[in-house]
Amino acid sequence: MRYFNLLGIFYRFSFLKELEYRVNFLTNVVMSFFWMAWGILSATIFFQHRATVGDWTYNEVLMVIGLFSLFTGVIEAFFRPNVSNIIEQIRDGTFDFVLIKPVNAQFLASLRLIVVWRLFDIFAGLAIIVYALKQLSLVPTLAQVFTFAAMLALGAVMVYSLWLVMVTLAFWFIKIDNLAELFGVVYDAGRFPISVYRGWLRALLTFVIPIAFITTIPAAVLLGRLENVDLAWGVTLAALLFLISNRFWNFAIRNYSSASS
Amino acid sequence: MPGISRFDMLKKYLALIRRGLGLILEYRVGMIIWMLTGAFPLIMLAVWLSLAQDGPIGSYSAGDFVSYYLLALYLRMMTAVWVAWELDNDIRHGELSIKLLHPLNPIHEYISFNLADKIFRFVLTTPLVVLVALLVPGVHYALNPLNLVLFVLATAVAWYLRYVTQYTVGLLAFWISQATTLQDIIWMFFLFLGGTIAPLELLPDAVRAVATYLPFRFMMSFPIEIMLGRLSNTDLLIGFALCAGWLALFHLISIFVWRRGLRSFSAYGA
Amino acid sequence: MSQISVEHLKKYYQVHQKEPGFTGSLKSFVRRKYTDVKAVDDLSFSIVAGEIVGFLGPNGAGKTTTLKVLSGLLYPTSGAVRVLNFIPQERRAEYLKQITLVMGQKQQLSWDLPALETFLVNQAIYEIPHTQFKSTLDELTQLLELAPLLKKQVRKLSLGERMKCELAAALLHRPKVLFLDEPTIGLDVTMQTKIRQFIGEYNRLHGATVILTSHYMADVTALCKRVIVIDHGKLLYDGDLAALSARIAPHKLIKVELSSPLDGHRLEDYGEVIRARGQRFDLLIPRAQTSEVAARMLSELPIADVTIEEPPIEQVITRVFEEAAEARRDAGIKDDADDED
C-alpha cells in the first residue's frame, strides 16, 4: 500500500517535470502516430505478395501490431526514462542518493519516472486492436478479456525484468548508454507473429527473450488461438525472469558497494 | 581550404582517425553493441523467408533474399551515421563553440571519427560476411572485378549521402530544438524507400517507380543491386549519374546551411 | 557512549590501468591490468552523540570513502563499523531514516522543478508525518532563509541558494547523524559563513552528530573542536584542534604595530621576523616564551597595538602532511597517491 502511495507521488512529480517541456508533448504524440502508421504500412507490403504471414491474416497481424504499439507505450512511458536516469546517476555518482533512501532501491530506481505522453501509444495500440477485432467480426468473451489482461500483465513483468537486467549491466559497463537499444532490436521482432520465425530463433523469442508473450500470445488469446500450455508457461517464465532480474540487481548493488570507492 | 595543402590535410585526418580508433577501442563494448543494434534487416529477412517457403516472390527466391539481406546488413554497418545527434548535442550544449576554436572545420573531426568507426567495423564484419556468404547455401553474387569496384564506389557514395544529409539535418539544431526528430522521420522514409523493409522490386509499382530515382535508394539498395547483378549497363550509368547529382546537390545544401547556421550561431553567441 | 565507532576499517578497491596512446588502448583491449588502491587503510576512531568532527586530509586521503562507508553506501573490505548501533552496510530503513549525507558536488534536487516538489517526494520516502514535515520545513525555512527559494525552479537558483535547498532536503527527516562532504565547496565567503552558521545552529538545536569534510579551514575552525586528520587512508591525528596546533607548531605569532620608528632596539632580538610592512611586523616566538616576550616588547618598544595568535591552521595542517610524507619516505614507502573522488 505504501508503495502504491509512493508511486502516486513519483508519477505526480514526473508529470510536473514533463510539463516543463511542452514541445515534447507534440513531438512524442506525432512520432508515435508516425511510427504506428509506418508499422501498418510496412506490414501491408508483405500482404501484397501473400494472403497470410506466418499463417496469420492481415487483420490478425494488425492485432499483433496493436499489441506492439501498446507495449512500446509501456516501455517508453514506464521503463526507458528510468533506465536512462539510472545510467546517468551511476555515471555522475548521484546514484548514492538512491541507495541512501529508506525505500527498496530497486523500486525507487526502476519505477520513479514516467513519460506521460507515451501513454498515447498504449491507447493507440488498444484502438488498433479494437479495429482489428471489428474487421474480423470477433467479440471476445469475458473469459478471453480476462486472460488477455492477465497476459498483458505477465508481458509487462517480463519486459520489466529484461530491462532491469540491462540497467543492471550498467553497473559494470558505465560507458554503455546504448545497451537499452539492443533490446529494441530484438523487440522489433515482435512486430510479426512468432510463427514467422523458425528454428532456434523462434525458441529464443519464446523462451529466452519472450517477445512471443508480449505480442503474439495476447493476440492469440483474443483470436481464440491460445492453448493452456502457453498460459502456464507464461506465468512460470514471468516469475522466473522477475526472480532472476531481482537477484542480479541485488548482486550488482552489493558489488557496487564493495568494488567502488 | 585555402592555405592548407592536401598533404597537411591528410596528415590531420590520419591523426584524427588514429585518435578516433583509440577512443573506439576504449569504448569497444559500447561500439560493438551499437553495431548489433543495426540488426533490424535480419527480422525482415526472417519474414521474407517465411513467405518464400511457398516459392519465389517476384524474382526473389529464398536464396536471393539471404543474399540481399546479408549485404543489406553489411551496408547498414558500413554506412552507419549518427552525426545529426552529435551536432544537435554539440550545438545545444555549446560544445560546438569549443570545436570552432580549432583551426579546422569541425566537420573533419566528426567525419574522421566516423571513418575510424568504419575501419573498426570493416575489420570486424567483413570476414563474417564473407564466411556467411561462403557457408550458407543459396547465397550468390555477381562477382567480377568491375562489379566489386562499382560496389565499393556505390557503398562510399551511400555512406557520404547518408552522412551529408544527416549533417545538414543536424545543423538545423541552430534554429530548431527538434532536429533529431526530423532525422527520425527521414529514417522512416529511408527504411521504406531505401530497400530495408523490402527489396525495391517488391514495393507496389507506383512506389517503386518513384523510389528508383529518390536518394534513399542510393543510400542502401543501389550497391546491393550491383552485387546481385540485377542492373543493366544502362541502369548502372543512370544510377551513377543520379548518385553524382544527389551528391552534388546535398553537398552544396550542406555548405549553404553550415554558413547560414554559423552566422546565426555567432549572432546569438551561444 | 559512542554513537559512531570505527575499528580497523579498511577499504581497498581495484582500478584498471591503461597506458596512454593507441598501442596502450590496444593492449588494454586484449588484457586489462588491475591494481589495488587502498582508499582507507586501518582507520579507527569513535565519536559521541552531539559532537561536530572535522575530517581533514588532502584529495584522495580517503575522507569521502570513509563517509560513504559510514552512511552504508560502501561495504568495508575489513574492520568493524557501527553507527547508532546499526551496521551501516545493511542499509536498514530504520538506520537510513536517522542519517543523512550531503555531497557538495552532487545534487539530489530535480533540476527542472522547484525544490519544494523534491521535499514532498522525500516526505513520502521518509514517511514523515504531515505535522512534523510542516514544522521541520518551517524551521529550516527560517534558519536558511528559504522562503523566496522554495517555489523557484532549481535551475534558476544560484549555487549557494541551491546548496541551502540541498541541505534542507537532506534534513527534512531530522536525522541524528549528518555526514557532510564538502558542503561549502564553490560557494562565496558570505554564503560559506551562512551555511557554516546553520550547521552549528542545527547541531545546537537538535544535538545532532556531525562529521564534516571541507577544503576551507575556516569551516573547520568555526565548527569543530575536534579534528580527525587522515592521509593515504591512515590516521595522522585525532583530537583537539588547538592541541594539534600546539604539537605541530612550536611557535606562536605576535603581530605588533609600532607608533614610532625603532631607536636602537632590533626586533630580531625578540624573535624571528617573518613579515614586515611599514610599521607592522609579524614575529614567530617559541610557544613557552610568548607571554614573557610580549611583556618585554610592551615595556621596551613604542607599541601601538599587539596581538598574539596561533599560526594559520592551513600551515599547521600542511605541516602535518609534510611530516607524514617524510615519515613515509623514511620508511621507504613509495608515494602512490591516487586521486579519489
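Letters A, B and C name the chains as they come in the text, with residue numbers starting at 1 for each one.
As a working rule, a residue touches a chain if its C-beta (ideal position, glycine included) is under 8 Å from a C-beta of that chain, and two chains touch if they have at least 3 such contacts.
Remember, it's a predicted structure, so these values are computed and weren't measured experimentally.
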Treat each pair of touching chains as one step and give the shortest count from subunit A to subunit B.
1
With centres defined as the mean of C-alpha atoms, identify the chain lying farthest from subunit A.
C
Could you tell me which chain's Cα centre is nearest to the average position of every protein Cα atom shown?
A
Separation of the C-alpha centres, subunit A versus subunit B, in whole Å, is 30
Inter-centroid spacing, subunit C versus subunit A (mean Cα positions, whole Å):
46
Centroid distance [mean C-alpha coordinates] between subunit C and subunit B, Å:
54
Show me the residue ranges of subunit C that touch subunit A in the complex, using the header's touch definition.
11, 13-14, 37, 39, 64-65, 68, 71-75, 77, 89, 91, 93-97, 99-101, 103, 106-108, 110, 112-113, 117-118, 120-121, 124-127, 153, 340-341
Write out the stretch or stretches of subunit A touching subunit C in their complex.
2, 5-6, 9-10, 13, 16-17, 20-21, 92-94, 96-97, 99-103, 108, 254, 257-261
Residues of subunit B touching subunit A in the complex:
27, 29-30, 33-34, 36-40, 43, 46-51, 54, 57-58, 177-178, 181, 184-185, 188, 191-192, 197-198, 202-204
Subunit B touches which residues of subunit A in the complex?
23, 27, 31, 34-35, 38, 41-42, 45-46, 48-50, 53-54, 173, 175-179, 181-182, 184-185, 188-189, 191-192, 195-198, 201
